[in-house]
Amino acid sequence: MVKIRLTDRAFDPWQEIARHQSGQPALAGKFGATAVFVGTLRDFNQGDAVQAMTLEHYAPMTQKYLERVAQEAQGRWPVEDVLLIHRYGELRPNDPIVCVAVWAAHRDSAFDACRYLIDELKTRAPFWKQELTPQGRRWVTPEAGEP
Amino acid sequence: MSITVRFFASIREKLGKEQDTIDSKGISCAADVWSKSAGMPLPRNTLVAVNMEYARPDQPVRDGDEVAFFPPVTGGGW
Amino acid sequence: MVKIRLTDRAFDPWQEIARHQSGQPALAGKFGATAVFVGTLRDFNQGDAVQAMTLEHYAPMTQKYLERVAQEAQGRWPVEDVLLIHRYGELRPNDPIVCVAVWAAHRDSAFDACRYLIDELKTRAPFWKQELTPQGRRWVTPEAGEP
Amino acid sequence: MSITVRFFASIREKLGKEQDTIDSKGISCAADVWSKSAGMPLPRNTLVAVNMEYARPDQPVRDGDEVAFFPPVTGGGW
């Protein structure tokens, strides 16, 4: 039931979640909790205006990695379903970058699994960001204190 | 009899290439792959993956493997 | 910018979130994180089938209470916006009960504020649930180990 | 010169009324409101609100106040 999608096109996370949920009629009535996180491109970072961002990734490794962490989350918490969408390529401010949705019977499992997935995504998934600022292009580095 | 090498992000730009294919002769570990393809020692903080799994520079590699080198990931930002 | 809505009609949380967000053009580019929780009526509870639920509340006190906790969350975390929708009246399994969405620059604030609101809602907001099971109507009591 | 009384959920059902208006004469605190309207001592675990704020049973009340009594809240369940 876990669905993972990497896309280079803009996506609407709310539509995707609604569509995924309505496409799982067996879920109806079984889940009491849905926890969602959507990461969106800001127009500022580290004090500078951000005009655009390029998100590079290592496609097959990313896919494999996301499948594994989604399975890990399902093993650690009683969750009914997971939807994970991640953008790559060229993005503009206000574009959604990532969407993680977790369906579970109870709220603690939904929240904890959602947060786990987001934290793993931030620290281990092979994505690299290059920002376009008025000063030019720059690779974002973790040391630069990305909050 | 070859090893596929891939470079990402700032490392790809610095080396001016994103992919390479090297002969596996004389290669025993991931760091050897780097040295042969990049022509310099492996910089600190470079991450290594062998067949799309995180690996240490001293991980053995063999014919047919895909070895990737990349900077620390920056997937977050939200 | 905080919006609180109590309603006795079924609502689609994903549509509501999308509409709220697109109605706040000033938000665009300013938020990097959206954390959402949706609570939905399950068709089981405490080992019994649930056919329907009536959610009673103390309308003006609930409104006041929700406004206060939303303000508290804004004081404790740097959040850009909050949307809180809560259903009352007659509900059927699979109906959304509550939706909390928090927009913030960074993920920690969004997650923490969202969870705070949900936990407050669960323990302090004046709502009472009566379930219809095959054995008849019953008031849900906190002692019955509502998980 | 009166006090509005409201009952909710299982308490409303047990008393068979959801609202009452009582004379404030002889009433000094929320528990007095209960006794006068319900005709019995305030049961343990009953929650009290005065003017839509949580209150203790001994909280003073006066003319024009709205005093509500209800069981522990069960807003969660997700």
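Points worth noting:
To keep things simple, chains are lettered A, B, C and D as they appear, and every chain counts its residues starting from 1.
By definition in this document, contacts are C-beta pairs under 8 Å (C-beta built on N, C-alpha and C of every residue); 3 or more make two chains touch, one makes a residue touch a chain.
For clarity, every value in this text was computed on a predicted model and none was experimentally measured.
More C-beta pairs in contact connect the chains of C-D than those of the other pair, out of C-D and B-C.
In this assembly, the C-alpha centroid of chain C lies 26 Å from the C-alpha centroid of chain D. Chain B and chain D have centres, each the mean of its CA atoms, that are 72 Å apart. Separating the CA-averaged centres of chain A and chain D is a span of 48 Å. Among the residues of chain A, those in touch with two or more other chains are 32-33, 37, 39-42, 106-107, 122. For chain B, the set of residues touching two or more other chains reads 76-78. If you sketch which chains touch which, the pattern fits none of the simple shapes: not an open path, not a single ring, not a star, and not all-to-all. Touching pairs of chains, sorted by label, consist of A-B, A-C, A-D, B-C, C-D. Every residue of chain D that touches chain A in the complex is listed here, in rising order: 76-78. By the touch criterion given at the top, residues 32-33, 106-107 of chain C touch chain B in their complex. If you check the complex, the residues on chain A that touch chain B are 37, 39-42, 45, 56, 58, 60-61, 64-65, 97-98, 121-130, 139-143, 146.
Interface residues of chain D, counted against chain C in their complex, comprise 6, 8-10, 49, 52-54, 68, 70-78. The residues of chain C lying in touch with chain A in their complex are 12, 14-15, 17-18, 28-44, 93-94, 105-107, 110-111, 115, 118, 122, 147.
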